[in-house]
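The first chain written gets the first letter, and so on, giving A, B, C, D, E and F; residue counts start at 1 in each chain.
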């Protein structure tokens, strides 16, 4: 019985590359990984948004309306619905002039209970230290 | 000897990041390590069969074939990412597998080292 | 020169734009370029907006990223794809994408 | 009414630059202009037939088909760029042409406006 | 009988994207465009390297040896052999600490006579003003 | 934390690297990251090299871009793909690519 912690650190803006989208879809895939593992083994992802990557967390993204593409907002809500750990760097949010009420902090609209956490960078550093493997997007 | 899992999102031609991934895999296998290569996003282009070799473009098919033959290397493409780009099962290079993203996480689970090459 | 510049990426356009000289200059923020028009990093709007130019931002790209016209710096005018066609054919003779 | 030539190098999924090119072409054709679209480099992915529509990916094939039907729109892929990626003639979406790069320069010659969308 | 001047302005680094390579191959295609045009009509390209794009012009690029890919140096020599106008921004070369003798200034090795020109940015601005169409790579 | 960082792009790594804290930090310049190790913009080496870390640059990528080991800043050691495999398995437990 083992758990492997994976840190998914997103520092890139949405929509210009697929990176942030792939970070979320790969993290969500942790929910179905058991079919490949032995009983009791699991993978535990944490998704952290830092630097310009915090822009992925804005509410009211209308990418589906304009481009027929699922928004990053929707992906973050899906991740919260599945109780994934989502952390957003507070210093970067403040530096970029954003307020907490502009961010996707929960998935209540689709019945989710887990909330995203707005945290100082030092908390994200801890996630990085505790992770078995780290991946930057 | 250990196991290295490499994930790559970069497109086939231009960035040389896929070249890096394949050359690193080759160097690691030559030193006795095992390597899993996962290609997702635009990197699924690597799995397309029938790539023509031009001098202006990197051509990785030959190295991949040699790596498959060692038995210490697997390469798997994200199935949905490939289909979205019009690459179907019969478009896939011999030796390349196709799975969903959980395959990659399982590979990370048992890896000694993981290197994710994101970006274009 | 009568030049329209599409700025499609954030944090990579300052040097190029800073040097460009044109009698009539239009800067159209598209894609991730729209952050230049919405974001006040450390409380300050982008220095790019101090260039002597007409500024536009593509509404579809603003809204896709979670912003609206109300978030635009006062110097920037929202435009649609249809408006962009008119800017290209009626306002700017040469157009570039950076 | 004028002619706009758009060149694009960006990959199919992710950057939305190809989406921009196709949406701009659509808006221009609707206003009575003619548009030539040239795709080179990774943008030749647009010419691949059989792209499956997923909600996570932009899907431009439908708009292209409508644009071809207007008679005021042509799309051409760089032949060598396509071959290097394993896209052969019979992999090409209906309506899409394949030529070498001089086709693009000839299109620029007779264009009123040229917009080259470089980068990934 | 008409000539259309096209300005190809390269500001991106080599090898990370295909942009600078495509700039050169598209410019070189001007040599065969006549098959599509009326007698006497032609396209006249000028390729200008600015900002980080001047790094494309370094000598001794061993991309073929290491990656099996034609170097940008070779493409620039091919363009010079075909007498294309190649300009390199002097201010950017100096700012990046490069010297003229590190740059591909001619294609003598393959029999070319035309030389690249190391010029102040103001000369490149003139090329931009004289061009019928501009393209940035 | 014992961390190896592949820096693959020029002008986009400063912020990320500046913040990273690790007991043992290795920075391996690959791809266009090598310009950090070769280029003295305005006569000065990159401030990135002042970080307390072990620095490496991939020889194949240096030479592909027209540089050689002689062009490297004195703090940076040239390595081959084969060396990189050893750095990954023997020197750094976690490895990231930016």
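Side notes on the structure shown:
Going forward, a contact is a pair of C-beta atoms (placed from the backbone, for glycine too) under 8 Å apart; a residue touches a chain by one contact, two chains touch by 3 or more.
The structure displayed is predicted, hence computed values, not measured ones.
Shared contact partners of subunit B and subunit C, listed by label: A, D, E. More C-beta pairs touch across one of A-C and D-E than the other; that pair is D-E.
Chain centres here are means of the Cα atoms, and by that rule the chain farthest away from subunit F is D.
The mean-CA centres of subunit A and subunit F are about 28 angstrom from one another, to the nearest whole unit.
With centres defined as mean CA coordinates, subunit F is found 38 Å away from subunit D. Here the CA centre of subunit C is 35 Å from the CA centre of subunit F. In subunit F, the residues that reach two or more other chains under the touch definition are 9, 31, 60, 95-97. Residues of subunit B found to touch two or more other chains are 13-16, 41-42, 56-57, 113-114, 116, 118-120. Residues of subunit A found to touch two or more other chains are 15-19, 25, 67, 133-136. Chain-to-chain contact here is organised irregularly, matching neither a line nor a ring nor a star, and falling short of all pairs touching. Chain pairs that touch one another are A-B, A-C, A-D, A-F, B-D, B-E, B-F, C-D, C-E, D-E, E-F. The residues of subunit E lying in touch with subunit C in their complex are 9, 11, 50-51, 121, 125, 128-129, 131, 133-136. The residues of subunit D lying in touch with subunit B in their complex are 11-15, 41-42, 45, 48-54, 56-57, 80-81, 83-88, 91, 120. Listing the residues of subunit F that touch subunit B in their complex gives 6, 8-9, 30-31, 60, 80-82, 84-86, 88-89, 93, 95-97. Note for the complex: subunit F touches subunit E at residues 9-11, 31-32, 35, 39-43, 60-61, 63-68.
Contacts from subunit F toward subunit A in the complex involve residues 1, 3, 15-16, 19, 21, 94-98.
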